[in-house]
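Across the two complexes that follow, chain A remains constant while its partner is chain B and subsequently chain C.
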Partner chain A sequence: MMRRSRQAGVGALFLLLSATNAKAHILGARLGDFYAGAAHPLTDLKDVTLWVALGMLAGSLGAKQTRPLLLLFPFGLAIGVTSAMALNVTSEGALFAAGALVLLGALLAAAAPIPVVALGGFALVLAMMRGAANAAAIGPETNRLLFVAGLSAAGYVVVTLVSAATLAFRGEMADARAWRSIAIRALGSWLAALGLMMGGLALAS
Partner chain B sequence: MSSRLRLFVTVALTGVALASPALAHDGEGVTGGLTSGFLHPLTGVDHLVAMIAVGLWGAQLGAPAIFLLPIAFPLVMALGGVLGVLHIPLPAPEMMIALSALLLGAAVAMRVRPPVVVAALIVALFAIFHGHAHGAELPGAADPMAYGVGFVTATGLLHGFGILTGALSRWPLGARVIQGLGASIALLGGYFLFLGAGVAG
Partner chain C sequence: MRLLAAWIVAATLLAPAAILAHESSLGVLELREVRQGAYVGRWTMEPTIGAARVDLRAPPHCFLHMPQLECGAKGLVGAMTIGNLGSRMSAALIKIIPLQGETRSYTITSANPTVSILGSEAPTLESWIALGATYLNYGVDHILLGADHLLFVFGLIWIVGVGRRLVSTITAFTIGHSISLAAAAFGVIGVPERPLNACIALSIVFVGVEIVKQRRGEAGLTARYPWAVAGGFGLVHGIGFASALAGLGIERRLLPAALGFFNIGVEIGQLAFVLLTLALIWAHRRLGAVLPGARDPLPGYAIGSIAAFWFIGRLLRVLAID
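So, the complex of A and B:
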């Protein structure tokens, strides 16, 4: 039975990987902006690294710290992008993004205990800033509601998956000196290092 | 071959066979930056051997150096990277990188065991020069962010490789092999140092 389900799994994977675009015009006509909103941050490493860093930090702290984030983060993205559209203000926020990455990475590397409220507040601010930065991709013909929904959905999915993966990797009762915790902390230092260099680059340009 | 391994190989081969371009709107720059950043520490032999020596030395020194090192090193190196990005000059960076390979390799070869703070300071000093060399090239990369991701990842993996190899030092024969590796790294560092000084080559 196990072998059969495994074979079925491999078969399904084959089909998924070999799938090509359906080119259904209804998607492009009606839901295209949802996918544009979801895909835009994922094609920019700045957003991807920040979201991954936040998810890893939450996951490394435990399930209790992660739960509020799953609602706050997509909500913050929606607020940020909507506010930027309403005020007609767009900003790349490169220096803020670099600083946020340094902070997230350093907290992760230090394995610092962070209260739920502080983490939630930081996640909300970060999401609002990145939401505002993504508003630059919205043109006059873009369906704004779909774009916002797509962006928030992408944020929710990324943060949920990364925090869940981190939590599963480190285990519920993590020992700070166990190799899994050390690996997560080392990744945190990589992220902080990246943030430092991006900050330098933002200052230089 | 176990059924689990067979399944893994099948899935991996499937993925490779069916891979296609990502088609992200700025994909070309990101791909180029990632590749260039990832390959940069691997193609510079002086940097490569010095990073492996850091991992080997950490493994020889044991706890806490073995886990403090891979956490602290990238951060210190990034500080050097910022100096490079901002074009703040450091004295003879290439010579210092060669010197780092020479001294770190020699430390591994001779099993030098200074206090952790001293070892950390030595490694941190060299890390700044290694970071500076990478940082100076960062703004010209196809995609600076992707370049940074690639280079930090490659450097971290080199440390990891050094630490894993250094685990051999638990056994007497393995310890000799590690010392031999250290001596080879020191010789390479010496060669690069002479090359930089215009004595050799």
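So, the complex of A and C:
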């Protein structure tokens, strides 16, 4: 055993001393377009506001309502983008995004109790629509698998972090009259207003 | 945590698809000065997209019509840009061979598509800033695009958990790869690229095995001495980082600064990844999502399988079977 270790050591030393400098990158495992997929929605106001609004709504409803979204939302994004690629349909979906933001903001402002199934269904549809909209960013040279993985991972990260932060801010047993709950509801009304403005802009252009 | 693992595994499983896309994406352009201010360009390593499709832009006072580049009395000084770097050409190296003085090399990456050509005089403050921005970006880019490095760090986080032990483990990894990065970049040690890449993959297999051991209730080497394992394998990964610099042929007078900025960039990228992972762990706990904890074997098998896949692929390259 000792002898074998010594031989291995000598071999390693020989390798270190005799070799020329390594002369290339480690290119064996590069994520490339994964980041393109992850970054694209984060540079679009429609996606950022919608994802944050959905995360806030889920977080304000509680952990139980949020948990299904951690899978459904990224899954919906992946389905949306792959369907759009397969059907060769790309749409900005500006009006739908604006309408969805108004709805999310209004629900948040109203502190409406939403069943898990309804929230999950809405999140899935929303994710599919936004996934399809993001397909427009895929060029002929883009690695599609990595792009889809990046987009879905970004959706997962944003919804998870925002909903957990909202839940932490609100507290487990939130009182509707507590200032924290009121602050979340106020933010909801701002999001609804932002949605109205986005809708107006989409209709005007 | 199970969800987090599933996502990271899914993302990393897709990484092999990118291997071929990036394998020969580096282009090397040599600009040789044939008379004062006049250069002749030649691609010594042609990028996959083809030399004719590279959108190369010279400083405004220069006239570029490949293979000729005319810069007049001012010489080749100023910003050079490649406008179409992407997945099929992630970086380019521009080597300038002047009539007098040392050969100078500049790296253009998709994260930093413009470089400042310094000229043969002593670098100015502006040129130091340009150098810093280039290599800082390159360092961040290198770690964040390297799924193998990230997976290794993720495995360490999984074994040691959150807290003081994680700080010492990540610090040891940082110290380890900084030492070997410097040593390899200055030519103190040299390791052929292919076996090195195979060793990096093997280090991740080791971490996967350690996670499975932990699940069985055995205290593996990483669980007992995380800083030693992280530091030791950090040395291996550091040589890998250095190979990224060595291939770019930076001139010797700029190497310490380039190395420093590159290492800082690597640290920034690594820290961002660690913080994001910790934030997701916190979020999962807060939401009551299923946490497998240290005794769940799934992450160990997933990490080990992916790394074993990489290891076999890289080993075949060592044996030149590909």
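One rule holds for everything that comes next: the second predicted complex is superposed on the first by the 175 of 205 C-alpha atoms of A that agree within 3 Å, B and C clash if a C-alpha of one lies under 4 Å from a C-alpha of the other, contacts with A are read in each partner's own complex, and residues count from 1 in each chain.
As a working rule, a contact is a pair of C-beta atoms (placed from the backbone, for glycine too) under 8 Å apart; a residue touches a chain by one contact, two chains touch by 3 or more.
Model, not experiment: these values are computed from the prediction.
Look at A:46: by the touch rule set out above, it reaches chain B but stays clear of chain C.
Judged by the touch definition given at the top, the superposed model places A:182 against chain B, while chain C stays out of reach. Of the two partner chains placed around the shared chain by superposition, chain C is the only one that A:146 touches, whereas chain B remains out of contact. Of the two partner chains, neither chain B nor chain C is touched by A:115. Residue contacts after overlaying the shared chain place A:70 against chain C, while chain B stays out of touching range. Of the two partner chains placed by the overlay, neither chain B nor chain C lies in contact with A:171. Taken together, the two structures place residues 17 of chain A in contact with chain B in one case and with chain C in the other.
Taken in their complex, chain A has these residues touching chain B: 3, 6, 10, 13-14, 17-18, 39, 42-46, 49, 106, 109, 177, 182, 185-186, 188-190, 192-194, 196-201, 203-205. Residues 15-17, 19-36, 63-64, 66-67, 70-71, 74, 141-143, 145-146, 149-150, 152-153, 156-157, 160-161, 163-165, 167-168 of chain A are the ones touching chain C in the complex. Every residue of chain C that touches chain A in the complex is listed here, in rising order: 3, 7, 10-11, 14-19, 21-23, 25-26, 86-88, 90-91, 142, 144-148, 151, 184, 187, 189-193, 195-197, 200-201, 239-244, 246-247, 276, 279-280, 282-284, 286-289, 310, 313-314. For chain B in complex with chain A, the touching residues are 3, 7, 10-11, 14-15, 18, 24-27, 30, 63, 67, 70-75, 77-79, 81-87, 135, 138-139, 143-146, 148-149, 152-153, 156.
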